[in-house]
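First the structure, in the form of structure tokens, and then the observations on it.
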Amino acid sequence: MKGNDNTAVLLMHCPDRPGILAVVTEFINQHKGNILYLDQYVNREEKVFFMRVKWELDAFEIPKEKIEEYFQTLIGIRFNVVFRLYFSDIKPRMAIFVSKMSHCLYDLLARYAADEWHVEIPLIISNHPDMESVAKRFDIPYYIFPITKENKAEQEALQLDLLKKNQVTFCVLARYMQVLSVDFIRHYPDRIINIHHSFLPAFAGAKPYHAAHERGVKVIGATSHYVTEDLDAGPIIGQDVTHISHKNTVEELIKKGRDLEKMVLSHAVEKHIERKILTYKNRTVVFQ
Amino acid sequence: MKGNDNTAVLLMHCPDRPGILAVVTEFINQHKGNILYLDQYVNREEKVFFMRVKWELDAFEIPKEKIEEYFQTLIGIRFNVVFRLYFSDIKPRMAIFVSKMSHCLYDLLARYAADEWHVEIPLIISNHPDMESVAKRFDIPYYIFPITKENKAEQEALQLDLLKKNQVTFCVLARYMQVLSVDFIRHYPDRIINIHHSFLPAFAGAKPYHAAHERGVKVIGATSHYVTEDLDAGPIIGQDVTHISHKNTVEELIKKGRDLEKMVLSHAVEKHIERKILTYKNRTVVFQ
Amino acid sequence: MKGNDNTAVLLMHCPDRPGILAVVTEFINQHKGNILYLDQYVNREEKVFFMRVKWELDAFEIPKEKIEEYFQTLIGIRFNVVFRLYFSDIKPRMAIFVSKMSHCLYDLLARYAADEWHVEIPLIISNHPDMESVAKRFDIPYYIFPITKENKAEQEALQLDLLKKNQVTFCVLARYMQVLSVDFIRHYPDRIINIHHSFLPAFAGAKPYHAAHERGVKVIGATSHYVTEDLDAGPIIGQDVTHISHKNTVEELIKKGRDLEKMVLSHAVEKHIERKILTYKNRTVVFQ
Amino acid sequence: MKGNDNTAVLLMHCPDRPGILAVVTEFINQHKGNILYLDQYVNREEKVFFMRVKWELDAFEIPKEKIEEYFQTLIGIRFNVVFRLYFSDIKPRMAIFVSKMSHCLYDLLARYAADEWHVEIPLIISNHPDMESVAKRFDIPYYIFPITKENKAEQEALQLDLLKKNQVTFCVLARYMQVLSVDFIRHYPDRIINIHHSFLPAFAGAKPYHAAHERGVKVIGATSHYVTEDLDAGPIIGQDVTHISHKNTVEELIKKGRDLEKMVLSHAVEKHIERKILTYKNRTVVFQ
């Protein structure tokens, strides 16, 4: 589970055609790859085939650095496959963005410290100094970039530099209360995970718990999603909800919401780290 | 639970003042009313006191037909109480409105036939003939009012007549796919229960499952609410949700939704029958 | 979904070996079967491969009545496959067993009457006359077999005769409060679905809601399972739960439990009808 | 919520008698206590009245140190009340017991560090050194007491000394894999909270996830409860569950279980800190 193995993961989709499943599994089997997990799904309406397959590389006859080329040549071109290959010896590198709230941050770091995930967290970025003490507890460098309307472009450029230097492969917005620019987002397509503190598309925007209280809903939720140029409208990764009653004040909704947010965010991060998420037409396919 | 008892229920709210709880309970206790259930809640932000109390009338010294007057004179005026009194020997009378789908209708009628609820269902109203066979199975008169833009006012007037003749005290829209006019709604304020097939306020309006599928949400829901002049925006009584995945087609969402809808609607109807719902500022207080 | 198509479903399991997935899909593809759904799962601990595949027969080159033989000859023997084939033009035939409670019965019959399921219900069997009126509402023959210690073997023999005459393929115990004999059960292995009114293995046996109340649990549940010779210990198909509180009396648990029971049972029946359940070592594999 | 107020909480139960609710609220009102929350519940079967009431002390005419005496004299004796009084200026002091797993520990400490709770955590006790680094991160003293059959009584005596010196008012077993002796438990009646990693009473004892997997259940759970002399049989505070499928290995159950455990434990601890739990006949009344 934590990647101290020698495996490859293939995430792919292509137009659905008879035999595609057999062709891919045979590609692995006949070259002595031992398939550990295989999950596939066909969207019948759009006639698209999606697959995630994980196999052991120890006896695999195609050298690791050649797999992409061989797969593309032998299968990809013929079946019009969009795919990505991941290898277990390359750990994803995750940057956490945070503002002033600690609940999501602690949940991510506790799992990291407990070695639950096959990931490195080389740095934490914030627009405020508040969470620095938390970062220190876990010995993770903490960088502060105060953002104003005037300096935003400049600060984001510095952030991108820092991410690059740290070879960050994806970003997690752990209640980061600052909208990223379109330019920034384009550097990490489908690689910035946000947690929105409502059950989207209900209560998009600011102060969702106040809006939920005002509307008198009986259930509140949280939504993890990839960040796209369209605010709060990116592909949804996961959602969960909890029941509330007329008795709950806004403060209690916020408190109950914190528990939802941290769990929904951590589960999305885990799925991302495990290479179990594909995006397609602003929706996600999340393998189990 | 089913009302073969001799009890009164008082549902009330008033500005919160010290002593209001004691005053009301003493009014019942000192006149030999045996309190069976009491539930109260104070909205601290708006300083409003809400209460539901149920007591046995057998030994109660104030005659049933005088309770309202006495309560108003002794407590209501002094504390500015808005209240309603209900007696167990008067069964609520419920009209079901339905169009072409049977799942909510069957769930309501099955509970009715099993004598789960203290209610009478004297009639079913529809804009289509499709559900007549279901009504016949349960021996309930079924009236068809086809609605067009032209005849709507006229047909609603006839419906209102029919409801009046049948002494209907509240209406349940069991997937009735026809918007009621403001005029109709005003005859039954907080007494028309609708089931909306989404987790409101997300996906208000028509075709919510299609919209949910398009958006790629991971949870779908259903919402019961009182009908007000503002479509899909009345006080929410209950909501529930179920998890879905990328694998689910629109048809599967509709199927999963049916189960949610019937349960959420029936639970709302039960709370209404049990006199457990108060409305206040477009929100509900739902006692347990 | 309701089987007005011309399709086959293969449910199979076998020792996991490389290539098994490709071999089966090619068997279908190369003979012009159009695969509609495929779901597979490998139990890595026990090294067993499970699969459900559904394909269109219209263009399939192997005649329907020969598929079983061909599959067995070409694949079954070689891979040690345990399998069953189902065809959409053969509707499963379901007998409902019931005692005195109507909630599960109504839920099953409402879905049946709404044509939600690809199933026939030729008869209802009971040990009591109470539910006869419900059966009549849906025009389904109702047979009463009062059971005593003395006549049990005899009555069950008559029941088995009746089931045979009606070509019943599986039985659903919709709160049938009578333990079936081992002999009876052997006639329908993995084809008798029961609903137990607790979250098994907690509170097996009689009066589970009383036991749950006594223990002070905060969650109650219901469990659907195949009936085996070991009472309440057969393979679990589905479970669901609901939260309760100290306020709930035993009667309220029973009431809340009814809603759980009917939903959990109907979902299990649906999975069975859709040929989505495999059993293996007293556990189930339930495909989505 | 966090106690930077000047309030009292009364938790009480007594035989149910007419007027008890009015008498208690008047005791507070007439002496100028401003009631902030009041929740009451009557167990009709056992005829017991339970109440939690919280009020502001600023204008309360009875001196804080005299409230207990006055209440006992004026109401307690007359109504046979069992009660406890808590004041907001006295913070509960909590000891955490832990073995080798960090997930519950981090969740508790993250909430503590974020100042979510009105509590002090003066120390952490363990039978292993593994979690010392976590304790250090949060600057909380960590004491190691290795336990063997031989030294258990002795070590527990030292632990009790340490708890006393630190004025610990309650203990939280955050996956502490060591059974406490009856003698130890008697020092903290209804003041030791444990998390059991199953949905009790199912799978009591060791290795519940293995047992759940073996039985093939479709839902797993976690249970928080007060520790009593009867292992895993104390009053249940809270329970929650999550759905699983045949696909989940024991390792995955353990992983999913960790999330349940930490949330269920933290919620129980919060209820305890907020003085919202009463125990009665091995069951809990948990106010909202």
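For reference, chains read A, B, C and D in written order, and residue numbers begin at 1 within each chain.
The rule we apply is simple: a residue touches a chain if its C-beta (ideal position, glycine included) is under 8 Å from a C-beta of that chain, and two chains touch if they have at least 3 such contacts.
Everything numeric in this text was worked out from a predicted model, so none of it was measured.
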Classification of the chain A:chain D interface as same or different, half of numbers criterion: same
Taking each chain's C-alpha mean as its centre, the one farthest from chain D: C
Distance from the mean Cα position of chain C to that of chain A, given in whole angstrom: 38
Length of the line joining the C-alpha centres of chain C and chain D, rounded to whole Å: 42
Chain A: positions in contact with at least two other chains: 44, 245, 247
Chain D contact footprint on chain A (complex, rising order): 1, 102-103, 106-107, 110, 113-114, 116, 134, 137-138, 245, 247, 251, 255, 259, 263, 288
Contacting residues of chain B [partner chain D, same complex]: 18-19, 21-22, 25-26, 29, 34-38, 40, 42, 44
Residues of chain B defined as touching chain A within the complex: 41, 43-45, 199-203, 215-219, 221, 235-241, 245-247, 249, 282-286
